[in-house]
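Every chain is named by a letter (A, B and C) in the order it is written, and numbering of its residues begins at 1.
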């Protein structure tokens, strides 16, 4: 029993916006956003895989920028605007998601939410990225199924779709 | 015609499982949660090899919030598992044989409590000497890991008299090849939810490639009838062979039964690395000889595989490698010997390619070396020695004849990449960056599908007109990303004329599907195709007969169509499937079961159906660093008709990326039985930046007239052929032979050429 | 098991100082029980791997005023220690003035990690891949030491950085990159040689095996006016190869000198090995890539 008493879960109030909704979540400040999303909020589109930011399966947007949810601690999210894959799809299938569907940019699908979040971050910053910029932006998202062929095609198609939507 | 979206038109379809995957709404089995569930963790061995003196769990059990702490004493049935031979302890009693061995498992109210309970379990180990490799395992004085010794399995195959053959040879090449401990690296680590049901049954939601096999193994462990277990096993976040064997299921099941509460387990990446399967590292020594004209005469191969501590499918992988070191070539004299040895390293087992990857890297290396020795073009050399369609298989067994071998050979001979090899373009880059070199190489694979002779290989499926009017297709196969659901849907549309909306596909649930065998060995597409072919006549005629009686028409006037029964001559919809179902008291149901076709031979492991593949690859080598990039790939694959174009392309592209990793990047390094690569920061798989080169895929659909076997498997072959093609391309670029994968950049480094030249002064 | 180490410790408290002095006071107070946290990305990797136990107190530096910007100082560019690596990566002036720094940052992890990770964290890890590039620019570090600010040459700090207690409670405030001295450039016909290389085990998002930077000027006749060579990679503490630099300065960059430099790099660079690459490979790689850059410069300096 003595072991139990030494555990002090210092809960802090995490206030942030997730997919457009304001949240106030009681969580230890060092708890990772990944656990908060999956275990407390049931937002399981954000996947768990390596826990150290090396695979990108848990990618989310924090204030529009891609961040690994397994690295971000609760206190680092205070006051931030967080978008998960569920938020990307909130207004119906996004053109990026449509491009992944049409080009077959996924197989098992486990890396796909994180991959799409990274593409959203990229195209938010560079609407017409070069191949170098695409490779750099997605270099933190591992896919073991596709060999990235379908992903390259999907990203190109998403760029094209957004361009024609803009004109 | 190259396979791509434009070339296949309407057959390029959005996958039925796509929308849920791209929106993140698909619930994987490791995403599941239940009110009141407990969290399970497994205590694994501290040491690669040790005797267990005692296990004390009292402290862990006393921790509040901990509901179960189980050891070997708590296993009611067989304390062992293994698909082929159950010799891996569920929970070790007196000895641990690798760092993934499970000693205890716990269930607690939170993951943190479970971890604390784990830390309170005291295991007293007595260290034993570590058997760190297969060669030392087979020495007479090595510690014996199992009662039958350290050789899990030995194989041999002989044809002719190889010594006599070598005497006739004008050219002989001898080389030893080594391949890495490749990790599957499925993005979803092992896990799931284990739910004891109110009626006393247990539902296991956990990925596997053969739900019925898991059910059988779990029933043995729990000592309950198979019918009291339901295994739900799809969707799966990647498997590649790695989740075919049991992983966390025994612990989840035992803890759920013990506590009476749902238990969730989701392994960390490090637990997955430590406990999970890897590709067998192999050392393959070969001696191969030709006559003066380049005809192969004699071929000897000796395979040593590191199978790790327990059997799983280690023997079967060795059988496969034994067949595939012979390959698609003609020799009068062959002598192959193989041994798979137990060690205290990580578990080796089933992995896409199943021993073919290692075998073909070695075999194709021999072909390139001999061609060069003879001063022949390496592709012409292969043609000279290539099997004829009517030739028997590698084990001299009868096989389903196709012209695949010569057709993929021709495709490479004609492809632009291979033509470029003969006439490399001069580039200005050579002047500016003389340290950059390029090369082109090609390799050939004849890859068997199905489990082979001697292993039960059941197949089958069921079609039902369900009460709600849906055409229900139920198969015991799993969706781990390969596109099985999409392929099945397209087959039903194309073979029966249904619309996508008419169809409901049921897979991955032992309560709802027939046993169709495992989703392995490149067999599922073939077996679904064959099942539907067998079901087509009976199912269609029963639907039409019933429709005819409802409509008061002749069956000859009717046909199956989109949405329902239509008039044969026109488009008119006469009766929807819903109306047809409503008109019937009982559902219309047809089921088929059969076995994967096998060769009429008693040679265990011999295959009957083969896929042929040939790959040309262009690489760029930087001799300053010794690093290699793959610039372009061309794959020709002869596997019969393309069932699902997007899936086919994805399998070849994805498989080839694994081959690229196998050739250039990946190795789960072990030292004295411990992993040096514990997570994805040190175990490196290809990123998008490693995959920037074009991958062209040419499917060769031709099959001989009268062929009854339809589409051949393509799930594995993409992962096989690129490796040796890269090695051949490196030879052209650098003049160096690669004998060991992944390629060691140090072996390709050169002192910059300009250090020995005069510098352009002033 | 990593999980045990991490999960069985109590959940740490997080402190949010607003000034460097406050942060320093926390650290002083907690001693080994408190750890400065910038982005926390490296710490998380260590915690998860079980290499380091999660401490009782995390001192969050992100709220410390004035540390998250890149400022133009009188004689140099000041990279605030809490500037994220991605902010460095995208910074136009840094790219223009110190392109090797941008190159180095671009090859660290992936953008998503760089959105959290900071330049200060990379430097404080001692073996960060940016350090090699910063060395070649003769960077210095500005510390808060409790009683004020102190500037120290990066190269000096690295000599003792891994010694126990060397970091003490000091807080890294900024990294200063000195603007190029006009005299450094000599006349306008001088040829600049400036390149950073990271060699890892794959094309992107890879731990480094070797990092190498070369920065200097050749005059119109191909004579080395000034040169800095820096090498690092993996767990090797980056360092300048000052002996080789001295030997090159004033010499004509010809085949003989290139050969000499190659040999000297092989001697002077003492990389740490691991299971992925031995010392010989790392030495050859560093020597090859540096000499190749020098050769390229020598050919175009006519």
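The working rule: a residue touches a chain if its C-beta (ideal position, glycine included) is under 8 Å from a C-beta of that chain, and two chains touch if they have at least 3 such contacts.
Since the structure is predicted, the reported quantities are computational estimates derived from the model, not experimental observations.
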item	value
Which of A-C and A-B has more C-beta contact pairs	A-B
Per Cα centroids, the chain farthest from chain C	B
Chain centre separation (chain B, chain C; CA means) in Å	42
Centroid distance [mean C-alpha coordinates] between chain C and chain A, Å	29
Contacts with two or more other chains, residues of chain A listed in rising order	7, 51-52, 54, 135-136, 139-141
Sites on chain B at which at least two other chains make contact	112, 116, 268, 679, 681, 686-689, 692
Residues within chain C bordering two or more other chains	45, 48-49, 204-205
List of chain A residues in touch with chain C within their complex	6-10, 12, 28-31, 51-54, 56, 59, 62, 65-68, 70-73, 75-76, 118, 121, 135-137, 139-141
Touch list for chain A against partner chain B, complex	1, 3-4, 7, 38-39, 42, 44-52, 54-55, 57, 84-86, 88-89, 93, 97, 100-104, 106-113, 116, 131, 134-136, 138-153
List of chain C residues in touch with chain B within their complex	1-4, 7-8, 45, 48-49, 199, 201-207, 221-222, 252-255, 258-259, 262, 275-278, 280-281, 284-285, 288-289, 291-292, 295-296, 298-299, 302
Chain A partner contacts - residues on chain B that touch it in the complex	5, 12, 14-15, 17-28, 30-31, 33, 62-64, 112, 116, 120, 184-189, 235-240, 266, 268-269, 480-483, 646, 649-650, 653-658, 660, 679-681, 685-689, 691-692, 695
Chain C - residues contacting chain A, complex	10-14, 16, 39-41, 44-45, 48-49, 54, 58, 60, 62, 86, 106, 109-113, 115-116, 204-205
